[in-house]
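In what follows, a structure is listed as structure tokens, so that the remarks can point back to it.
Each chain gets a letter, A, B, C and D, in the order it is written, and its residues are counted from 1.
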Amino acid sequence: MRHFLIDTDTASDDAVAMLMALREPSVRVEAVTVVAGNCPLNVCVRNALITIEKANTYTPPVYAGRHGPMLRPLVTAEFVHGQDGMGDMDLPEPALKAANGHAVNAIIETARRFPGELEVVTLGPLTNLALALLMEPQLEDWIKRVYVMGGGGLGPGNMSPVAEFNFMVDAEAVHVLLSSKVPKSIVGWDVCQADDAYIHPQDIERLKASSELGRFVVRCNETLIQFNHQLGLEGFDLPDPTTVAAALYPEMITRQFESYTYVDHQSDKGYGQFVVDFQRLTTEKENATIVASLDGQMFKDKLIELLADQ
Amino acid sequence: MRHFLIDTDTASDDAVAMLMALREPSVRVEAVTVVAGNCPLNVCVRNALITIEKANTYTPPVYAGRHGPMLRPLVTAEFVHGQDGMGDMDLPEPALKAANGHAVNAIIETARRFPGELEVVTLGPLTNLALALLMEPQLEDWIKRVYVMGGGGLGPGNMSPVAEFNFMVDAEAVHVLLSSKVPKSIVGWDVCQADDAYIHPQDIERLKASSELGRFVVRCNETLIQFNHQLGLEGFDLPDPTTVAAALYPEMITRQFESYTYVDHQSDKGYGQFVVDFQRLTTEKENATIVASLDGQMFKDKLIELLADQ
Amino acid sequence: MRHFLIDTDTASDDAVAMLMALREPSVRVEAVTVVAGNCPLNVCVRNALITIEKANTYTPPVYAGRHGPMLRPLVTAEFVHGQDGMGDMDLPEPALKAANGHAVNAIIETARRFPGELEVVTLGPLTNLALALLMEPQLEDWIKRVYVMGGGGLGPGNMSPVAEFNFMVDAEAVHVLLSSKVPKSIVGWDVCQADDAYIHPQDIERLKASSELGRFVVRCNETLIQFNHQLGLEGFDLPDPTTVAAALYPEMITRQFESYTYVDHQSDKGYGQFVVDFQRLTTEKENATIVASLDGQMFKDKLIELLADQ
Amino acid sequence: MRHFLIDTDTASDDAVAMLMALREPSVRVEAVTVVAGNCPLNVCVRNALITIEKANTYTPPVYAGRHGPMLRPLVTAEFVHGQDGMGDMDLPEPALKAANGHAVNAIIETARRFPGELEVVTLGPLTNLALALLMEPQLEDWIKRVYVMGGGGLGPGNMSPVAEFNFMVDAEAVHVLLSSKVPKSIVGWDVCQADDAYIHPQDIERLKASSELGRFVVRCNETLIQFNHQLGLEGFDLPDPTTVAAALYPEMITRQFESYTYVDHQSDKGYGQFVVDFQRLTTEKENATIVASLDGQMFKDKLIELLADQ
């Protein structure tokens, strides 16, 4: 049994990713830690609790963490995910409650319980994980690997011409992770943009037809679908689910490589830019695994399978 | 009774400052938290324990904290304070031991015990305090005031042309404090450089003649005295003790004012520069009290008095 | 008849580009201005003179310009183009001599002679053109369009992970051009890297077989061919000739678009990065035409045709 | 006879400085070059011509130069010097006309005429001089010394907390000068702020009583006097005249020293900061002479003397 911890700024695509992990029988999500990002902290905590109830498998503890980035004011993305982060679908209050204790301490304590075995998946800004690394130096040894949704990979940004949302919200936190020796697999925004991984209208129909959770997944991404529609795009992308998939199913990864990477946390216009030295133009040592592509068909089939009515 | 917490990278002048606070009967040092700065963390912890033993009054718990800055590698200053940070005087191991628990949590818990009453004095890089502020948002309300030794005040730097040691070690931590609403009094390096606050050769003689602790104070600053001598200066400065004095004895402050201040944590050559907009050239609101000068004679008299044999 | 001015840091691929322009009967190269870049200024001037002799058509005046960037020390690229910038082929001294006068003044005076008609092609760092724009504000009106070889287009850099050579040598000069209202078409390094534009071994054989100038073109790129070979690549790219081709033969351009663009001239690691906001994530107005691809077959056929023995 | 060239963004205090130089018999002002700064270029040119007429000695040619900084939009200071830069005193049009030719070329040509002898005094942003240095590398050898009004010396800024007006308008130009080997004496804004150099109300009365030009000097600084009055200050400062005085009368300098200096042209908040490493905290070589103080009494006496009715 693999041991997972999911750190999330739970909005629509985080919810899909969490459903996948909670329904995959070969792993156990030992804790869910929540960070501000797509929405303010309390909204994200509520969405995490709702999602665990929807998964209907088991109930890992949910810990609230930082309400904003390390050094900068919080930037949220309700314009993409809805005011509630879940497509404004008027979800009822969850019966589950968040656990006592801080997400940062929960990351440390969970890793201490599973030294060398804990796999961390981060689906939001890296603030919680960065603070945990700063608070407990041994965490670098305890965590087996971090799977990070963030950065633009080898492509452009989505918040600024050069920066992706999760990394642009808290670039200092990214720098802390990249400076650590924790093994890391980074799944950029480019991965979910690939044609075979992108959720096209026909995939939406397939999801809707497949199960109640399939319909929930489409419904909570409704604001995103509308947002894309206004840009002239049909369908939606699933950055967090592709990241969870890369963590859960290594066989789904069709291309990955080691590289020296860094993040710009000092310049004004470039803040949050994630740079992958894939051409080895610097002399720096490799410090991350870049996941460059997934088998999109396998990803979608697995998603449907995990969401199936039971 | 006032309640103090001292955060320190204990080296020679931190030791003098701690002796003052521990021997001042009107305050109680509730905890000492230690951060890497002048020396690596374990050396600073040892020096803090030795100093408490030397003070011979009471034994606040000592908590170890961060072993380096938030984002950058640690820069130490053994060339100024000696390999042991205490003038290489071959001090015996202390009998006291550090308390269990992390300095960051200790800051939070001590403030929670004395909400609105805890006064924090920082004598080293602000890493511990910054992490505590990030971990516990209520800390901004709980802390009554922070007295900070750091920055160059209205003068130049001492590590780079524009940056003072404590602020240059961890400028991001300074930014976190300055961005918080905690009331803060900042005592720059310029205050202890003023002629009447500086420890001249005649002051050294007076200290030596005054008491055993007076001789200890001179002895543990011996490396600094030699360092200055090579620069053509006689005597030494006491940045941390002047800061503690400003906290303990407001009547000693001869000039202070409110100002908008910020720290450069983004540029290369300017990293760590503390800027005081004393001319009000920006439209930003005041966010700190700048202590600009002390009554040096009163400071030295009080120092001698506090160190007196009992 | 179109009127061209070519600004060049003449090395191997600049030479090919100049041969193309000088042999194309529908344009007249009114002046060649030289800037330091691939090689020191005097080496580039020599190569420009040799190339004009090789072209064997007419002899536009050659003006020496800046010997280095506006604000930074010069970085050259002899490791790519050879010590002489021309594949170390031991070329004899040219009989032609450079004209008197400064390249910056020559740009201004040539534009004044052909107001609204002069088309400028820049094949090196933009230092000369930037200084001309600073010296003569009317130049913005006089120049019909600038065709720039520089930046990575929508791809990565070739000197740093984010910056291409010409733009990284003098990013301030790029900023001056981008801040001006001169119409500009920017041909990035990505254009010549496209498979159909790249000079593969079979293209090399075709060039060698085609004409004396074809053999000269291959010969002067010999150092580059060897450099690529050590990286595991066969053949070579022609950034400057694709840029000249885009200027000479608009029908060869298969994709181009307008975009807001900027260059990083302020950060340390990002210096020289050219950012194309092709997704319109900023609200800035378009300021450049980005040439994204050429018809590589048409390019190679035309190259062979222009170099043909007469 | 010493040979001077004055580069100026002629407003009220530039006018005073020019009157001094034009009336000092031991030097000859060979040319006046004008740059945008306090006011737009054409206003400054007009003021320079008027000032030469007022001086009533001889008429050096006046050349217009750059209408703005190298890389940034122009920031002017009419709020300090009046809409006309001369205290809004409704001065009649000058009969003198500007010479043909660009200020940058005039600097180069004048230096070529007096190689090793030309002394340049800059009273505004350094844009013209920087472009001249970039256009003609030999200028570094031809200029005997540059006397620069700019930077805050060892004190604070006057436009931002860290930057003085002339250097903040065009920090890149400052960088070009500091990177050159031209001998330079830099007179910061601190020099004219010293109590004995500052023009107090009694000095104003003395000026008014002394001569027609004395009254003109007070009158054209009227906007500045009002500006200061609103800040609670009486009187006015004379940054440009103190700089000219340091150039004309070395015996007036009471303190100067060599130092490594640099300017921040890359950061956002620190743009234009001039840093003097007077404590030798870096290992960089000295590159400027810092004029730290003048004999204010001697300065004022000489000013009165030079302005006297003839």
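Please note the rule applied: a residue touches a chain if its C-beta (ideal position, glycine included) is under 8 Å from a C-beta of that chain, and two chains touch if they have at least 3 such contacts.
This structure is a prediction, so every number in the text was calculated from the model and none was measured.
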Remotest chain, chain A as reference, centres from CA atoms: D
Length of the line joining the C-alpha centres of chain A and chain C, rounded to whole Å: 43
Cα-centroid distance, chain A relative to chain B, in whole angstrom: 41
Distance from the mean Cα position of chain D to that of chain A, given in whole angstrom: 58
Where chain D touches two or more other chains at once, by residue number: 266-268
Those chain pairs that satisfy the touch definition: A-B, A-C, B-D, C-D
Chain A - residues contacting chain C, complex: 154, 156-162, 262, 264, 266-270, 273, 275-279, 281-282
Complex contact set, residues of chain C against chain D: 66-67, 70-71, 102, 104, 131, 134-135, 137, 172, 175-176, 179, 265-267
